[in-house]
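Labels for the chains are A, B and C, by order of writing; each one numbers its residues from 1.
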Amino acid sequence: MTMFFQVAIDGLLMGMVYALVASGLSLIWGVMDVINFAHGEFLMVAMYVSYWLGFLMKVDPIISWVASGAFCFILGAITYRLIIRQCLGGPALSALLATFGLSMILKNICLNRFSPNYRILTGTLLDGKKILLGDLIFPLPQLVTGLSALAIVFIIFYIIKRTRLGWAIQATAMDKEAAELMGIKTDWIFAFVFGLGGACVGIAGGLMPSYLAVHPEVGGLFSLIAFIAVAMGGFGSIPGALLAAIFIGLIEAFGGFYVAPVFKYVVVFGLYIAVVMFRPKGLFGW
Amino acid sequence: MNKLPLLEVHNVTKKFGSLIANHDVSFNIEEGQIVGLIGPNGAGKTTLFNCISGLYKVNEGKVLFKGIEITEFPPYRVAKLGAVRTFQIVHPLKDMTVFDNILIGAYLREPNNQKAIEIAERCIKIGYLSEVKNKRAGDITIGLKKRLELARALATGPKLLMLDESMAGLTSTEVKESVELVKNLRDTGITFLIVEHVMEAIMPIADKVIVLDGGIKIAEGKPEEIIKNEQVIEAYFGKKYSKKLQAAKGVEKSV
Amino acid sequence: MNITKFKKKDVYWYLFIIVLIIIPLVPFVVNNSFLQHVLILILLFASMSQSWNIIGGYAGQVSFGHSVFFGIGAYGAGMAVVKYGIVPWPGILIGAFTASIVAVIIGYPCFKLKGHYFAIATFAIVEIFNRLFMVWYWVEGALGLDYPLVEVGWKNFIWYNTKIPYYYGVLILFIVIFGIVRWIEKNRFGYYLAAVREDQEAAESIGINSTMVKLAAMAISAFLAALCGAFFVQYNFRVDPPMVMSLSMSMTFVLITILGGAGTILGPLMGALILIPLQEYSRALWGGFGGGMDLIIFGIIIVVVVVRQPRGIMGIISELKNHFQKIKKSDFNLKKTEGGE
């Protein structure tokens, strides 16, 4: 029985990180109707930034997440300005393929410069520490990362729902032209949102190198899971993405433990197809 | 010899959540008629079209075409049977030429290239579209787009043509031309159900007119009867104004 | 006759002539085995991408799941040769039909999804098939199928010392697939595909059963992709799930077609002509220490083309044509006014 809860905890903590990644994607998708194929690669970049800061300058992930978050915010904003903006008027496929191209560029630059070797940060502040609750182990790096991720999701949700900036974002998402007529600088909003989406992923990536190996391919799976989470949760819904992501984290953990590791993703993907058959716009989509 | 009505609409009700867009609407259309469907904005005319053509599923009621029940048919089946509609907001196939648009309509009855091309050529002439035949459909004026929509529907060889506000946005010359077109087409055996706001376009040529208001059918009859119908006047002008109109007209009501 | 039809005929004739010239020349001009390999890959990828073009370009349903059909085709041939020790041909046919059936079964529910949801569902399907094949005992799972030595020739469709028959084989495949697409373009089915792509609601209103049309396109497209997969395994002597049923293989079909020009008959060929040599030569040049350089360039090309000209190379060509036609027209007007009144 304890095994069950332990697996659940591991899944939950991972799911919270997925939730942060998915929220970033959901924001971008919801506001601009663009699927950022490079989302996972932004995460990879963030992980490398955090890794090198830790490895070369002994900066702990607890601090370097700020740097990687900021780095990815800028990366996101630049991506919008240089690439996405041109794609907005045209076929929906353009933005997707352009970000796919970007993902290839980012991934292979890292491959080229940093080699395909797996790297992990040892000796960080939280490394190896854990909280014990009865028989249940809460590894501290994962716990801090998971809870921070969750906190940031709530902060972002709060910003969107309760601040003027958030309302401007919502307005732009619902009707770009109407928003412009009301004086909202939609171009800046788009750049900000893309940056914010990048920042989400950047923060998640900043905290993880102490327990998750950094390598050029690490982004791919996160991308896929983020897509599934956002689509399952529904277009434009951050709560939906949150729930779906945590759900996926749990399914992944249980599937991997009780069925077989190779099947954990089959279950996740199969679940997506099942959900979307009954609710073609996701659980909370509009 | 009692012929079956071409189109029968029986007690059609369509709701969107708690909003009742069409309530218990019934009417028949005989072959060869030109029937107008009028009513103030929001009366449910386009919704009714969508219910008949299969775009919406009705909550209650039946629709029969040529005696066959088409209530549950998807749009393409209704079109194949011979009841074809145009859209209020035109749907040209923007990236294709005007000719190709119509050709695709012709392909419904005629899979053979040569014969389909002939049908399309004919429809181009009927629709006065020869000049823009090879232009990109997205680039022509709104008036021509509406004619394109009509010609494309025509190419499918329909028995019933349902036009949704095809006169909106046209100049008065264009309106006159389109009215002539409808009359000529009726003489070739096509029945018409026409939603219109432009009264000059429909009242002179309709055999009968159906009036919707707030989702309910409030009147049905010949055009000359409809314009005198109190409920119709009230629907368009509102209670207060129509009372004024009555008072100004004098004693007609009390007698 | 319709002017648009005439233009298409024009270009096709040019293509046909080029192809006719290439066939007898290749063995004499191209002695370099590597160059032959590149040519074969160009034709193969052009064929694969053209099969995707039917559903993705012409019908406008952008699916990222096509590598599944490619893989089924490869496994069809592979199983016949490796597991049952017979000639590949029955396996090729069974593989192709299986791919069609799978396509229809997957397509039917997926077509109910719109936009991004559809695309993501196709990713999910590739991943599901990938994992399934990895653990499926009957097809040797992750180990894949390795070809034994067999008698050389057309019966087994295997040659070890020369690439020339492979070249003719893929050329035939190429001509068949391009021919089918050409036929589609000129007949009702092609027009229906375009109508469904442009405006499904309008298409339905004039009697087009859009679901049937999409499923038919899916079935044909999958069948042809499977044939390409079968060729691949016969050429490669080996197949395993990550090699054929991967997201990156799917993306390759999509990218080549989009880069060249989706919905055009020459698009896939253009795309393959640019990307395959790039891929193969960079791998040869930088393979070891460069690591990923070719993909960086690939990525940059994708971004630039997709952003500047989403209609791909064919879009660029048609823009240039229009540009020159405008220049010609203004020249002509100039001459008129000069010479006339």
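Quick notes
The rule is short, and it goes like this: contacts are C-beta pairs under 8 Å (C-beta built on N, C-alpha and C of every residue); 3 or more make two chains touch, one makes a residue touch a chain.
All of these numbers come straight from a predicted model, not from anything done at the bench.
Using the average of C-alpha coordinates as each chain's centre, A ends up farthest from chain B.
More C-beta pairs touch across one of A-C and B-C than the other; that pair is A-C. Once CA atoms are averaged chain by chain and compared with the all-protein CA average, the nearest chain turns out to be C.
Chain centres here are Cα averages; for chain A and chain B they lie 51 Å apart. Rounded to whole angstrom, the centroid-to-centroid distance between chain A and chain C, based on C-alpha atoms, equals 33 Å. Chain geometry summary: the mean Cα position of chain B and that of chain C are 44 Å apart. Interface of chain C with chain B (complex): residues 2-4, 186-188, 191-192, 194-195, 198-199, 201-210. Note for the complex: chain C touches chain A at residues 62, 109, 112-117, 119-121, 123-125, 127-128, 131-132, 134-135, 251, 254-255, 258, 290-293, 295-296, 298-303, 306-308, 310. Remark: chain A residues 29, 33, 35, 83, 86-87, 90-94, 96-98, 100-105, 107-109, 111-112, 115-116, 216, 224, 227-228, 231, 235, 260, 262-263, 265-266, 269-270, 272-273, 276-277, 280-282 touch chain C in the complex.
Here chain B touches chain C in the complex through residues 53, 55, 74-77, 79-80, 84-87, 91-97, 99-100, 103-105, 107-108, 111, 113, 116-117, 134, 152-153, 155-156, going by the rule given at the top.
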